Structures are given as C-alpha cells and as structure tokens.
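Letters A, B and C name the chains as they come in the text, with residue numbers starting at 1 for each one.
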Amino acid sequence: MAREKIMEVRDLSISFKTTTGIVNAIRGVDMDLYRGETVAIVGESGSGKSVTAKAMMGILASNSIVNSGTVKFTYNDNGGESKTVDILKMSKNEIRRDINGKHIAMVFQDPMTSLDPTMTIGKQITESMIWHYKTPKAEAEAKALELLELVGITDPEKRMKNYPHQLSGGMRQRVVIAIAMACDPDLLICDEPTTALDVTIQARILELIKDIQVKKNISVIYITHDLGVVAKVADYVDVMYAGKLVEKGTVDEIFYEPRHPYTWGLLSAMPDLDTRDDRLYTIPGSPPTLKNEIKGDAFAPRNKYALNIDTRIDPPMFKMSDTHYAATWLLDDRAPTHDMPPEIKGRIERMLKEENK
Amino acid sequence: MNKYQIASDNFDMDSIEFLPNDFEFIGNKPEEHIDSNFASQDYWKDVFIRFKKNKGAVIGFILLVFITIMAVIGPMVSGYTFDQQKIEFQDFAPRVPGLEKIGVFDGSEVMRSPGGGSSRVINKYKTTEGAADVYYWFGTDNLGRDIWTRTWMGTRISLIIAVSAVLIDMAIGMSYGLIAGYFGGWVDNIMQRVLEVVNSIPTLVIVTLLMLVFKPGLFTIILALMVSGWVGMSRIARAQMLKLKEQEFVLASRTFGAGSWHIIFSEVLPNIIGQIITNTMFSIPNAIFTEAFLSFVGLGIPAPQASLGSLISSGYNSFTTHPYQILPPLIVLALLMLCCNMVADGLRDALDPKMAQM
Amino acid sequence: MKKYIAERLGTAFVTILVIIFVLFAMMQFMPGSPFNDEKLSRELIEKLNEKYGLNQPLYVQFFKYVKNVAKFDFGISYVINKNISINLMLKTRVPTSMRIGLQAVSVGAVIGLLLGIIAALKHNTFWDNLTTVISVLGVSVPSYVFALLMLYTFAYRLGWFPLLYTKTEPFRSSLLPTFALSMFTIASIARFTRTEMLEVLDSDYMLLVESKGISGPALIFRHALRNALIPIVTVLGPLVVGLMTGSLVVEKIFSIPGMGALMTAAIQANDYNVTIAMTYIYSVMYIIIMLVVDLLYGVIDPRIRLAKEDSGE
C-alpha cells in the first residue's frame, strides 16, 4: 500500500519576541508524516519540539514570528476530496474553521489544567462536533458516550454530567483524548501526554492512544523527552536539539544504530536495570539559550566527541539510509575513527539479546 | 565522495574551506563543562533591574521621595508656621515671586457666580493694607494661615500616621498569619475563626467606634488603623506559610532539629518578604485614605494640627469661592496615593516576573 | 455544599452577636447618660431610665438590647432630631442611599467589565494602557476627590447638573454622586477583570479549546469570560465597603439625605444612639452582602458546589 503523506514540514524557522530579546526557537526543521504512522519528536525541554507541534496546530503564541518554512497538511475535506494546505499561510480564523479539532487535534501535557473547569465533560466533548458540523445535540451526545467508552471510562452517562475536578488525572487525560477524537481527526498531536501521570496509568494511556490509532487509522505525533515512551509507540523518531533536527530514523535505527552523540546521550538516560551506575554516559551542561546566533554545531560545547570544525560550521544532514539521517561531522569521511560510548554499545547488545530471546 | 550522502538541500560542501585540524577531536572534558546559560544572578539585583524598567513605578518612586522631602522641609522654608493666624490676611489667593510677573500666581482671583454667569477679578494683596510685599505661595485659608505650610505639615502628619500604622500592621498581621499557617490544626482553626469575625466587621465601623471612645489624636488614629488593617497581611502570610512549610528546605531544617520559631522567622520569612513588602506598599495608600476620610468626617486630628484630610475638609467649605484652598492638599493626597500604588504595582511585578508579563 | 452554607451562616450569626455585644459595651463606656440634659428634673430622668430599662441590671439590659436590635428598633435620636425615632429618620434615607448605591454598582460593574475585557483582549495596546491608567487612578484617588472635582467642573462652572441633590430631580441630581462613587468600582473591576482574563486566556484549557477550533465570541464568552468572572465575584465584598465609605463623604458633599449623611451628621453631633444604630445597620448590611457573595461564589463555581460529593476514579 502506498504511503499517503499527510504532513510535510520544510525549513521551518520560528522566533519569539521576549522581554529579554529574540529567541530563535526553531532553526530550519524538516519533517514528514504519513497516514496511520507514528512519529515521535524527542528532545530536552527548550529543544523546540513543542513549538514545532504548535506550529502544525496553528496555535503559536502571539509573540512568535515565523521566519521561513512551510507546513503542508493534506486532508480529505467534507466531499472526500484530498486537499493540501500550508498551515503557515492560513489565517488564524481559517485554521480554526478548517483544521483545528476537525483534522488535527491535540492532547496536552497536563490533564489537571487542560480541561475547562466550569463546563461539564459532556459539553466539552460535544462542543466541537456542534461547532464544526452543526451536529444535533442528541446525536453529538450519543457520540460523546461512545467516545467515553472508547477511551475506557466506566459509567459514561454519569461522567457526561461531571465537571473536570470530579475526575482523577488519568480519567481526565482519557477525557482529553475523547475530546480530541470528537471530530475524527486525521492527525493527533500528543504533547507529553503521560509525563504528568502516574507510571501505572502512563502505560494504559499509551496503549489507549495506540488502540485508537489502529481503529481509526490516524497519524500520531508524540512529543516527548522520554525514550521509553518512544520505544513503545513510535514508528519513526526525530531527535531535536536547540531548534534543529540532529537525527531521524525508524525506531529501530535510532535505538540500535544511533549515530549522533546527542542521541547516545538520550539513550543512556533511559532507565535500564542492567546499567551499572559507574558507567553512565551523561550529557553535561544544559541546552544553549537560543537568544544569540549560534556559530557551528549547537551541541559542540557539551559534546565529548566534538571536532574542531563543529565550532565553526554547522554540520549538514548525512544520509545513512532512506529513513536514517544524522547531522554530525563524525559522519564525514575525514572524521577520525571513533566508536559510540561503550556503555551504549553494551546496552544495545543487551537489547538485541532481549529481542532474540 | 563521502560514504554518506549529504541530504541537506542548501548545503555546499565545496564552498567550505577546511582547516587542517578540522577533523580532530577538540577533546572536550565534559566534567569541566561550566554551565553558563543559567548563571545565577542575585535575586535582589534582578528585582532592582526589573523595577527600573517600569517607568510608572520609577516616576512614582521619584515623586514619592519628592513629596516626603517636601513634607520634611516644606514647612520650614515658607517663613510661616502652620498655626499662625492673621485674620486680616484671610482668603488670599496664591502669589509666587517671579511667576506673578507673567500673570499667574499673582495673588488675584476670579469671583464667580454659580453657572459661569458674571465674574470679576480681585486681588487682596493690593486692597489689603500692608500686604503689598507679602507672598503666600499657596494662598491663605479663612483664618489667614499659610496653606503652603499647612499642606506640607498635613502631608507630614498623614505620612507619619500611614507609615507607622502600616508597620505595626505588618508586624501583627505577619506574625499572626505565620503562626496560624505554621502550626495549623486547631490553632489555625481558632485563629481563622477569630480572623473571620474581625474581618466581617467593616473597617469603617471599627475605626468609627474606636474614635468615638478615645479622644481624637495622632495615637488614636494609628490605633484605629492598626486594629483594622492587619487582616489582609495575615492572610497573605498564612497562605505563603502553608505553601512553603511543606517544601524541602523547611523539612530539611526540621530534620536538623530546628525549632518552630527558627523555621518561621529565619527560614520561611525571608522567602516571603517580597510579598510582605508589596502588600505593605499597597496598605500605605489605604491608611492615608482612611485617615483623610476620618478627618473629613470630623474624627481626625484636632485643630490647629492638620492632616491632608482635615485640610481638604476645611477647604471644602469654601471650595466654590476659593478653590485654591482645597487644591494643594487634594493634589498632594491624590499624588501620594497614586504614587504608592504605582510603586507597589512595580514592586509586585519586579518581585514576581510571572505577573509582569500579564 | 449544605455544610458550607451552614458554616457561613453560623459565622455570620456569631459575628452579628459579637457586634451587638461590642456596641452594647460601647454604650456603657460612652461618657454621660443619654438624659444628661440639665433641664430634666431628677424624677424625670429616673422615669426615663425606667422607661428605657436603664435602671435594671446590665445583663437584663443586654438581653433587652439584643431583642430590640434584632427587631431593628434602635430607640430615638437624642441630638439631631430630638426624640424622633431613628427608624422614622431612616425611612426615607435607606431607599435614597440604596438607589444611589445600586446605580453606582451597576455603572461601575458594566463599565469596569467592558474595560477589563477590552484591555485583556487588546493586551499591550492603547486600550490596555488606557484601562491601566483609569484603574490606577480610580483605585488610588479617593471618591470624594472625584466628587469635589466633578461638582466644581460640571455643576458649579458649567452648570450642567444641579449643585446639590434635590428631591424634585432625583435622577439628574444623583448622576454626579453616582459617577463619583462608581469610580472605585469601575477601577477595581476593570483591573481585576483584566488580570483574570489574561490569566485565563493564557491557560492550558483555553489552548485546548482553541485546538478544538473554537474561536470568536464563543471562545471569549463561553470559556474565557465564564472562568474569569468567577473570581471577580470575590472583589464584590471590598467594593461594597468602598461604596459604604465613599457614600459617607459623597452624600455629605452633595447634601444627599441618605444613610451616609446621617451617620456623618451623627458622628459630628456626638449623637451616640444614632451613630451606634448606623454602625449596626452598616455591619449587618456588610455581613449579609459578604454572605451572599460567598454563597454566590459557591453556586457559580462547580468546584465548590460539587466539592467532596464525588471524587471520581
């Protein structure tokens, strides 16, 4: 079956005007997403992963400036015709009317704060159906009940009349997912959907999203800093650092053949029972503030494997396979021979063994 | 040809001039990496910088300093005293040397009939014997007292009352709130019930009753303001205490065996002092206002002493005929309250940068 | 919710009792007896004492006092209107004050809300700055300063409005005092609405609502304003106090025959009985309004209304 591309981001670059100056949050990002597939955007806080998602959603903060780029989104409009739009070129009103809720929906990080506290659950779910499609109230409510069942909420009739504060965190996140699914979107963006939840509930929410994805054949973008989540859910992984993509590939490529030192660092931060404490590869320091122009590779100052050229010239993307790319000078033929940190190597071997068992 | 292709569209490898050592490891020693991005800056220095950026607050602060200085030296420089009466010089309009030559503040005033009908200009300095060389910068009141001197004297009294009331307030309210918040349980419960009852009695009522029982005077007014003013402060202190007492640094201090008083006043207090100061700044205009209100109603400082409120009250009686008598205290009062509020606003935003972006 | 109401009612009741007790104690401390007129003969004073129960033991007097006060029977005025029942004096004054107070609250709430909403929606623009200036001015400048300035400009110099309140033109002559009184309300509501709206507009749930595609008036009114309005109810209490304080002075300035003017007159004339009666009335009004505000808050905020009824999963 041919893959149907639904999202294509090219050369996206976004800045924010703040009281202390201009912050270049995104500096030239390319990204692709196909129907029914899952991409995880991974990075530390401040790497620009949330901003990328908000740009796709058209809900950037008012102090943001789009410097360049396109965000092309393809969807089937009401007549069933395939339509491609550049979200960055649409007005806010057009995005709200045609895209948000209808075709792209979002699940936010903190379910405790992302529901309107003064509106019943039922009204919050039916609102977008009534808003976009003028669905009769009874029909919308019937669908809301269905959705609540779909997201695994028991006693949905009663919950419809509840207010958010009457539900627990896990239940609220289920409600947020139900709200997102109300208009059958093509794309679901999940911004750290589980970080605010208990570990036991995390797994259940992830499974739920996966189930829904399969049932409804939708695409999902995960935004996370947790590679554990990525391993569970993603088909493809985009690793971001300081507003740029540093490595992208299938989930196997990223986990078993990582090439970028930053990805190595992220991998070693993953919890693993067998890792001995004395051999933990860590990423020292913190991401740069993106206020000043960055010369060369932004990761160089924190990189044990930095080359002299990194301080002058930002590396290009090197292509390892059709799906696997990384931006590091280590992939240039002239680079000295090097090996990934032994702790990562050991970990990969263990993972492979685990798999073959 | 590189083993791996370059996938970036607008990247031209050939245009780069490579240096011989380009592809050598820098040899970063990550352990030595210094975290410079979030280098800590002194909190109070930060607060000061943010405060300075707020134009309104800075102007307010400068004006406040100016008014305070005038309250100290104003009464000394006019050559009159605040209670010196000169009946023959009553109701003189303002006259300022220098300015009189250009036709303003030359001692003349317009007498009007209501509704803007007929009007005539009179100048009492010319018509009164022995007044040709007399200057009253803000004019005189109906007893021939110098309004300049009385205005600044009144400002002084108002400031003394407000600042002392608020400081006492702060001490009481802060301790009350901190203690209630820290000990919690039944202590907090009882203290909160008491506070609720006190809070349910309008300030106006408390103040009026106190003023009726005690003899009006500086001390009584301060007492009255104090009794009603501490509630707000104690609320803030309590809320902050509840928030902070579960935090790690307090728990740590407790595990090291620190006593309650030490934790309340040495651990928690420094962390909430910002909010306390801001609230104090907001209380000062309230105290000034309450004092002015009391004086206006007739419960204020007894004559011949004056506060801004009593000056406004007496100026009010003749303000349609001699508006210049009420204007100076009115303007100083309004400015004082405005400046305090602006400084308090600026301070709050500076102490809590999250609010500033609002 | 029931427990909450009961608690609030209990507190209000206790507070009123405390106030009655304090007022009674004050009566005992007041210098002189109410009947210290030299013209009264000794027998007459004793007769009066007996009539008003002043020769009975204190606790009997107290209970009698509580009983009378509960019935809003405050006795007579001794100074302002000799031997006239205070209730009679209040009969025309209460409606007048109430009307002007209501006018001021309505004007203040409507203008304040509008200003606050506009300022928040047009954040960091001219409208926002204008609102900030208005609210800082309104909060910091006492209402009687506005009253005097307006009186001088619009009534005295321009002659657009009557100088003083007249019963022949009750509406036109109440406009200036209404605006003078409402300045504080306008300012506080505008300021509070703006902050609350900004906070709500910045919240996660508004982002979620936007991500659902909701926009325009539905976004503002159904979600933002509704959430912002709940805390605004809490400033109503302080506003009422502001109005009460303001009315004392503003009524005096415009010669409005209302409760505030009566209280001012009573204080100035040392008419203790009237002062204490007015104090009591003001306290009860204040307590009732605070109670209503609290209960209202509970009703409109589902988090309080439904608290502890059901806690989910």
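Everything that follows uses one rule, which is that contacts are C-beta pairs under 8 Å (C-beta built on N, C-alpha and C of every residue); 3 or more make two chains touch, one makes a residue touch a chain.
None of these values were measured; they are calculated from a predicted model.
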| item | value |
| --- | --- |
| Chain whose Cα centroid lies at the greatest distance from that of subunit A | C |
| Centrality ranking, top chain (CA atoms only) | B |
| Distance between the centres, which are taken as Cα means, of subunit B and subunit A, whole angstrom | 49 |
| Centre-of-Cα separation between subunit C and subunit A, whole angstrom | 53 |
| Between subunit B and subunit C, centroid-to-centroid distance (C-alpha), Å | 25 |
| Sequence positions of subunit A contacting 2 or more other chains | none |
| Residues of subunit C whose C-beta touches two or more other chains | none |
| For the subunit C and subunit B complex, residues of the former touching the latter | 11-12, 14-15, 18-19, 22-23, 26, 29-30, 136-137, 139-142, 144-145, 148, 152, 156-159, 163, 195, 198-199, 202, 241, 244-245, 248-249, 252-253, 263-264, 267-268, 272, 275, 279, 282-283, 286-287, 290 |
| Subunit C partner contacts - residues on subunit A that touch it in the complex | 57, 59, 92-93, 96-97, 99-102, 105-106, 108-110, 113-119, 127-128, 131-132, 162-163, 165-168, 170-171, 176, 179, 182 |
| Subunit A residues within the subunit B interface of the complex | 19, 282-289, 300-313, 316-320, 325, 327, 329, 331-336, 338 |
| Of subunit C, residues touching subunit A in the complex | 203-205, 207-215, 218, 222-223, 226-227, 230, 301-303, 306-307, 309-313 |
| In the complex, subunit B residues that touch subunit C | 56, 112, 114-116, 193, 196-197, 200-205, 208-209, 212-213, 285, 289, 292-293, 296-299, 312, 316, 319-320, 323, 326, 330, 333-334, 337-338, 340-342, 345, 358 |
